[in-house]
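Below, chain A partners chain B and then partners chain C, in two separate complexes.
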Partner chain A sequence: MDRTLEVLAVCGVGMGSSLMLKMTAEDALRALNVDARVENTDLSTARGMTADVIIGQGMHTDEIADAAPVVITVSDFLDKEGLQAALRERLAEKGWLA
Partner chain B sequence: MDIIKDTLTFLADNVFGQVPILIGLITLVGLLLQRKRFEDTLAGALRATIGVVILFIGIEVFTGGLSSFQTVLADAMGTTPPKADNTLTDFLGAQGGTIALVITVAFLLHVLIVRIFPAARYLYLTGHLMFWISTVVVASLVTIAPGADQLTLVLCGAGFVAAYWTLQPLWMRPLMRRVMPDDRFGFAHTSSLAALVTGYAARPFGDRERHDTEKVRLPRQLSFFKDVNVSTALIISLIMLAAVAFADDQVVAKLAAEMDPKLSPWVWALLVGLRFAGGIAILLFGVRMFLAEIVPAFKGFSDRVIPGTRPALDAPTVFPVAPTAVMIGFVSSTAVFLGCLAVFAVAGWFTLAPPMIMLFFVGGAAALFGNVVAGWRGAVIGGVITGLMLAVGQAVTWGLFERTAPELATLADPDWYAIAWLLKAVDPIIGDASVWAVPVVALAATVGTLLLLGRRERRAEGAGGAPATESAEPAKEAGGKN
Partner chain C sequence: MTAVGARDGVDADGWRAATRAAAGVLVEMGAAAAGYPDACVRVVERDGPYIVLTKGLALVHARPEDGGLAVGVAATRLAAPVEFGHPDNDPVDLLLAFCTPDADAHVASLSALARALSAGLADRLRGAAGDAEMAAELGRALPEEARPDA
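Showing the complex of A and B:
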């Protein structure tokens, strides 16, 4: 991708678990060498924002499955390797991985 | 000498007394220590500062909505609305700096405790609760020692808060290990007492193997409830409309006219419900904005000082384990809370304000832990316990915070109530000096607990070669695995 990847981490209120998820995602994206900006937010706000990738737990990604080209569901907020693998696969599909 | 005194007065009034500036400076230091790029450091510090400003605006909108809600509901029920001599906005204006310093000092102290005692194990990282629990503790200390100066409040508050952050994930550990057997992170949420009570009370009522909530299918229509903005607006608006139907027309007309003279009382009721939800959304947006800067800074610092410590995290990090249990907990806690609202109103006691966010997170967490010990019945019990704790807590604690920040009682989780009343209980024992007894007793209890836990773990390690992380409690009933 020739610009910064916009990534949203979502949770119910957008403060606690999504912030942890944001830090995990930042680490995973750095390891993949992707230039990305990760923000964390709540479900309502996420609907009104544009992003390339949305990451969240199933309970929330079910609700906003169409809000971004890539939506990744996680169940473990600290699993950097798992998220990295999912990102590698999904970003490659879109041709966003160098 | 005058220059020193003037400088200190200036700093006290303009830096330590002004939360946005103080939080901005703390963030600035945090980002500088992380050696971030100049533009990231500046932008981060500014975002944190603006976040606090937005937080204050949100609280103003929220408390405005809250007072209309309580006035109309009280009138409909023929009771008097709860009185307040102060508001959260005023309290944060006066003590916000103290609270920001309590968070910072308490975090450093907490890191130190975790560094010294391996048994402490978890680092508390749920940022918004770090803010709110510090607020509750400062409000409680001001209640028991109205004359205390800022330094006293900061040191006493930080001592107590650090003890709470250290111990809370530990008392949740036996239950957490049934949810997350690999023990990679702890549970850091002020719903802990509701979850703990549920975890033990639900035991005789079933077992997870046979009654697991995740075998239950919930109707799709409940899904909009997951968005707390939506559920808050909906529930508060519905109660407002019902209250307007029963309240005195003149009271409602007068309140509605204050917003807009031409406004229908019904539309006004709807708008109050929406403004209430909007206020909370703004408040949360502000908190989110400064946390996004401060928490990574705190985490960066602690990663360097105590590498490899397990983090203790916000409640939703365990929600993926049993999302159905979470929904059962939310729905049942809301039902019980609304039931209490009706009963209290008929009894003419207190007009409750349904805290949808707390009902969701506390009810959800309690139900999740209820489910691991007793399946769906445990989840329902968790919801019921939460509904009762929040309703009774709100009714009895409003008066306690009457002269500081009564709205804290309507925004509270179970642990907030417990802490407020615990600190209040200290008061009559030793009078004014008790403010110093609070951190001393709390820290002594923490160190005692950690020494005991440490010894038990070493013995377990020596005896059976079992890993130190294996405490007897969860191993006994490890049957209910996810």
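Showing the complex of A and C:
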């Protein structure tokens, strides 16, 4: 992608768990050499935002499956390798990986 | 500065009691108001057990306006694990509770906590002998300016 990738990490409250997920996502995207801006927010705020990628737990991503071109479901917010693998696959599908 | 506390060997008959006990440590430290534990339970009732971030570990929290008085972090280890109803990460034996007076004050502490969890903090807390060692492990995970003894 020729611009900064916009990524949202979502959770219910929008400031605790999603902040943890944001840290994990930043590490995973850095490892993939993707230029990205990651923000964390709550589910209802996420509905009104535009993003390229939304990441969250299944109980949340099921509700916003159409809110971004790429929606990634993770169950372990600290699993960098798992998130990195999912991002690699999904971003490559979109042609967003160099 | 971040208030840090820990409680080992807590008996809880289910996730609500475990969540209240974990957030209750914050109330005892004076970092959260009396209504905060119930607010933490309501978060899970409303939004599901997403606070179970990884295998066996829940991050208990609510919004600042639900009773956050200071930035506080507390670790609670259960005598017996409980089910939150999470599809992958149950059962939970370790709870980290946090509170914050506003939406920005906690970012440095929680970011440091995320890094420390990735580097094995949960296992160090599980291996600690008692409240004092758990609190010391937690304190070491925080950025220097946020530590209680700084």
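Quick note on the criterion: the second predicted complex is superposed on the first by the 98 of 98 C-alpha atoms of A that agree within 3 Å, B and C clash if a C-alpha of one lies under 4 Å from a C-alpha of the other, contacts with A are read in each partner's own complex, and residues count from 1 in each chain.
The definition used in the following text is that contacts are C-beta pairs under 8 Å (C-beta built on N, C-alpha and C of every residue); 3 or more make two chains touch, one makes a residue touch a chain.
From a predicted model like this one, the values you see are computed outputs, not experimental measurements.
Shared-chain residue A:Ser17: touches chain B and chain C both.
Shared-chain residue A:Ser75: touches chain B and chain C both.
Contacts of A:Gln84 after superposition on the shared chain: neither chain B nor chain C is touched. When the two structures are aligned on the shared chain, A:Thr41 is found in touch with chain B, with no touch to chain C.
Contacts of A:Thr61 after superposition: neither chain B nor chain C is touched. 11-13, 15-17, 19-20, 23, 43, 57-60, 75-78 are the residues of chain A that lie in the contact sets of both chain B and chain C, per the superposition on chain A. Partner chain B is touched in their complex by these residues of chain A: 11-17, 19-20, 22-23, 39-45, 57-60, 62-63, 74-78. Across the complex, chain B meets chain A through its residues 125-129, 184-185, 223, 226-230, 281, 284-285, 287-288, 291-292, 295-296, 299, 311, 313-317, 319-321, 323, 326, 357, 360-361. Residue ranges of chain A in contact with chain C, taken from their complex: 11-13, 15-17, 19-20, 23-24, 27, 43, 56-60, 75-80. On chain C, the positions that touch chain A within their shared complex are 43, 46-51, 53-55, 59, 61-63, 86-89, 98, 100, 103, 106-107, 110-111, 113-115, 117-118.
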